[in-house]
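We just call them A, B, C and D in the order they show up, numbering each chain from 1.
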Amino acid sequence: MAELTYRDAVIRGIAQEMSRDPDVVFLGEDVAKAGGVFKATVGLYEQFGPLRVRDTPISEQAILGAAMGAAMTGLKPIAEIMFSDFFAVCFDYIANEFPKSRYMSNGQVKCPLVVRTGNGAGSRFGAQHSQSVENWCMMIPGLKVVAPSNPRDVIGLLAASVRDPDPVIFLEHKSLYPTKGEVPDGEIVDTLGTAKVLRSGKDATICALALMVPRALEAAEKLKAKHGIDCEVVDVRSLVPLDTQTILGSVARTHRLFTVEENPRLCGWGAEIVSIVADEAFYDLDGPPVRITTPHIPLPAADILEDIVLPTPDRIAETVRRSLQS
Amino acid sequence: MAELTYRDAVIRGIAQEMSRDPDVVFLGEDVAKAGGVFKATVGLYEQFGPLRVRDTPISEQAILGAAMGAAMTGLKPIAEIMFSDFFAVCFDYIANEFPKSRYMSNGQVKCPLVVRTGNGAGSRFGAQHSQSVENWCMMIPGLKVVAPSNPRDVIGLLAASVRDPDPVIFLEHKSLYPTKGEVPDGEIVDTLGTAKVLRSGKDATICALALMVPRALEAAEKLKAKHGIDCEVVDVRSLVPLDTQTILGSVARTHRLFTVEENPRLCGWGAEIVSIVADEAFYDLDGPPVRITTPHIPLPAADILEDIVLPTPDRIAETVRRSLQS
Amino acid sequence: MATAKDRAQAKAGSGLNDDIGEQKRLELYRTQVVLREAEQRAYDLFLQNLVKGTSHLSLGQEAVAAGFAGAMKPGDLSFCTYRGHAHTLARGVPVEKVLGELMQRDNGLMRGKGGSMHLTSVDHGVMGSYAIIGAHLPIACGAAWRAQYKGDKDVSVCFFGDGTTNIGAFHEALNFAAVWKLPVIFVCENNLYMEYTPIGDVTAVPQPAADRASAYGLERILIDGNDADVVYRAAQIAFDKARAGEGPSLIECLTYRQSGHSRADPAKYRPEGELDRWKLRDPIKIYRERLLQFGVAERVIADIDAQVRKVVDDATEACKAAPPPPLDIIATDVYADGGWAWRN
Amino acid sequence: MATAKDRAQAKAGSGLNDDIGEQKRLELYRTQVVLREAEQRAYDLFLQNLVKGTSHLSLGQEAVAAGFAGAMKPGDLSFCTYRGHAHTLARGVPVEKVLGELMQRDNGLMRGKGGSMHLTSVDHGVMGSYAIIGAHLPIACGAAWRAQYKGDKDVSVCFFGDGTTNIGAFHEALNFAAVWKLPVIFVCENNLYMEYTPIGDVTAVPQPAADRASAYGLERILIDGNDADVVYRAAQIAFDKARAGEGPSLIECLTYRQSGHSRADPAKYRPEGELDRWKLRDPIKIYRERLLQFGVAERVIADIDAQVRKVVDDATEACKAAPPPPLDIIATDVYADGGWAWRN
């Protein structure tokens, strides 16, 4: 057991997989000699050498295209897109190539690769470097989409992603990089498509992802302490595959559903989970399912503005309380 | 009053706006001399000349970027992206530039432009030329998103889009191009953000868009004829702004909600509408809100396969019946 | 237009040079005839309403596909566009499989799931046909990267049109391949048109690929794409370079599509007489004359023609008799689990 | 590396040539000092934890911004990157507005909604700063298209770095501008690095912009970007060309960023001595010597320095005193209605 930052967990996760399998290769902008702009790949170049850890030009299409070509011919590439906002400049690979090649070829072409990226807000980087783009990916059939909330999950889910036979989008939250957590020694491999109930409760289910997980937990503590409201907190972890059983199971116990998303309001994963629950567990629900999201706006840069638009523990707690007590 | 095809309505709509305002300009691949690959821009080059109707290289980023630069300096460009699937190669403009410039500049920069595109399935074009990408756009704050289902709406909503001060994504359904409808003479201008109740009913609300509108209407007729079930059919028309009042009003009358989407299953506009209704009109609902969608798969090319994956009138009717009678 | 020097360079390597040998020449001829016959059949079947969806023929461009395929070794990989029938067939994929896919039958190469624009036969090294302009250039780089990393001698070849040289992915891929010295060959088939717009109307340089080679530190290579021998020789040089670890090549082949852009296009945008002039330089006509010049008997040529016709006839019948794909395949191969398991 | 010919070309136009005139020279000097002082102040404020978020300085690159701004007319438009403080200030935007935005105060240019990477002042012709590499090149084309369509003589100028030449949008924009003969000037500031990676490691040609001009039918222009006179002269030629309807120019300016890539970067990746060598060629040092050569009195120079320092000091105080933006602005300017009206 060791305490590790989320950032160092990324390094350890990549190193674990590169050590295990010589077909795992890694490419991206400034990732090799410089160790990455978030310092989340420091030391990999030194450990695995220039043939396996490669700096690229500023060519996101070439990065993802090359990852795909390598994947379909037998390598297991990990590609870094520095900020998830830049998915927009290489979206053809994410939306049209990776996820469709297996299907269109009737199973002949395989695309086992991982795209790692820095996702999410909190760094005062403004509207083009702060987005949460998990729904850009979740909506595309053929992709898997993962977003860990803590160092242990970073390693376990990254390993599972690298070993997965399908293309996986691995969203690292930029604001979590400096956070710490306990991590067991030795190899860690988790399972995609498994949510985790991090806190049990009987009054309401709160589903959260990535940076919103600690905030949901904090909100749950406040609700308990101040209002005696007992919330179950589910770390969704993997949007595709989605562990609907854990979510539906929790709602069957609590009869109320809240989702906490960093996404802008429309068409987020919260809407998907609400829709699944409203359809399949309608009669379990004792009141409206409620989404707590960033408002439907581009993100502002100023700290004071950014802070009020992301869901906070207080806003989460207050929304849950108001809804349960109305 | 004249009968017009949806395709010819596009031509008339563009011509109406270009005649009205010399600042309206039009660019795209093969749109000018060749009249467009769907023949939806035939004659515009001849009518408005080479300075206003311009052929471009195969450079979707340059097309949308140029439209934006022209819009922010005073023109009113209409840009064509041939197939909506190609949004993926120019997604930076759609996701990061058009919709954020006004906000990031604190209102200094305006981006009044229209992106027209051929959207949707039914032509056996396979996974990269058949997608319905309305949720790729709806999820982005700052965009407006429109999808007409008939020739009259094509003209009226296109005019409204061109005159709108914000960037509008205008989704023309490829399978509707040959369909016909009555269109009044003279100028037609509609209002964005208004849904239309096309059929009144008391038993359930069916929300549909574009190609799914005639299918929903057909399903409603079948349900009435065969099962005495009386459905209200809402043509959503505009996803952003979304006419939630019309939808909530209808559900308040019928107490049941169904959405019919051509989108793949996850994170579609149906999930958004279901979530809004489940949250804001939970106690109006007498049973689970149900989404009818394309399954969460890339689209197959073969006619027999494509036909079974898109929602059909029969599938819609059967889903509604089963749900109401369970 | 090509300069005088270009024309000289393009001609170089044609003419009576027996470096290629009869066996290879007969193979190059046969391949071209297969492509021609199969695609003409596809067009006939379209007219009979038996080819659904869209399709894009390479009639008139057969020499490029044949010349490159003729120079490939088994491990080499082809990356094609929606206009990919020719390149797929040239690697030895059976005509029946290709026509079956166009006819959306269960015997099709991808059982109707991909369609005409996405022909893929991994067993033959055809790593897919891509319908988004430019997408496959970076992908071909990646496959070449694998070969480089593994120390294999396999080369990736990426075919695309003149119009494709103006999209961003072209630029990123060319630079990337050059910087990493990847064993990849970029083959631009300049057939003078995008869909309906002449390439010259929308391109800043006369030769859309060749005039850009220097931007990637590459040699300017512009060849006659209607002469299979010229193509074959240029291909060999590029393969040798790639296998020697000396990096990518960009080759612009001057050719012409004799058909419309896609099945529905009557190609009215062509200037009067253009098609006729190019038909004088039809690659199969050129190559038949070449064989005769080298002393191949008329009868040998006629035999090949007849054999090929029979293959295409048999394939046609097999396809007509084949059932449509079963409906349950819509759920398979979305994810590796065989189903569409996005949830539990 | 630059060839001998390049170096000769880069030098041409420098030296004792009095075509520019004292008034313009003093303006060019003053602009450079404003940029230097304002950015150094930004760095100090960052160290005091008063600049939040990220910021990207152009210390050492002032001559490019000053030279181009000096050649611009009022209607001309600037399109900048996240490294856009210099270009914004050079168009006359008050220092207070820029520092206010960096400090996320209500007096900032966009009241904190955009931040350091998105400086925009439409009134000054600064049409935005774009933080996605390459995005603004096509946008600048569009603004130039408007001018062309309207018959105005306004020119759009688009500034970007060496690393930006490898992204797809660069290629699409250059070709587009050339084909449409747009009045746009593409200015590549080659400061030798992307973020931390030397541009030479990832680019197929030695001069990432200049060596690609021919791919768009453009002249190869490579200049000394640390000499404001050289930049000013090259800019004038390009503006004249654009205003004459003769289309775009691509100008590569050789320069060096003396600071790290962004505020957090200590720039340890630099080879020993590189920074020192470039400091010998510091643009402000060069220009101060130039003024002296032309007989400008030391006192005049010192006065400018002092005036600028006072402007920056006053701006700093004003920003420190300014409140943060009010919270209700988060809802405005998503859509034109003033609010975020995505629904009724």
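Keep in mind that, in the parts below, contacts are C-beta pairs under 8 Å (C-beta built on N, C-alpha and C of every residue); 3 or more make two chains touch, one makes a residue touch a chain.
Because the structure is predicted, anything quoted here is derived from the model rather than measured.
Here A-C and B-C are compared, and the pair linked by more C-beta contacts is A-C. Ranked by how far their CA centres sit from the centre of chain B, the chains are topped by D.
Distance from the chain B centre to the chain D centre is 40 Å, each centre being the mean of its Cα atoms.
Chain centres here are Cα averages; for chain C and chain D they lie 45 Å apart.
Averaging Cα coordinates per chain places chain B and chain C 36 Å apart. Of all residues in chain D, those touching 2 or more other chains are 111, 113-115, 118, 130, 132, 135, 166-169, 172, 175, 179, 201-203, 329, 334, 340, 342, listed in ascending order.
Contacts with at least two other chains are made by residues 56-57, 59-61, 85, 88-89, 92, 96, 103-104, 126-128, 141-142, 240, 265-266, 295-298, 300-301 of chain A. Across the complex, chain A meets chain B through its residues 85, 87-89, 91-92, 94-96, 99-100, 103-104, 126-128, 135-136, 138-142, 240, 263-272, 274-275, 278-280, 282-283, 285, 287-291, 295-298, 300-301. Within the complex formed with chain B, the residues of chain C that make contact are 52-54, 104, 108, 111-118, 130-135, 163-164, 166-169, 194-197, 201-203, 269, 324-325, 327, 329-331, 334, 340, 342.
Residues of chain D that touch chain C in their complex: 166-172, 174-175, 178-179, 201-205, 211-212, 214-218. By the touch criterion stated above, chain B contacts chain D in their complex at residues 25, 51-52, 54, 56-57, 59-75, 77, 92-93, 96-97, 101-110, 112, 141-142, 144, 164-166, 193, 240-245, 276. Of all the residues in chain C, the ones that touch chain A in their complex are 77, 109-111, 113-115, 118, 120-123, 127-128, 130, 132, 135-147, 149-150, 156, 168-169, 172-173, 175-176, 179-180, 329, 332-336, 340-344.
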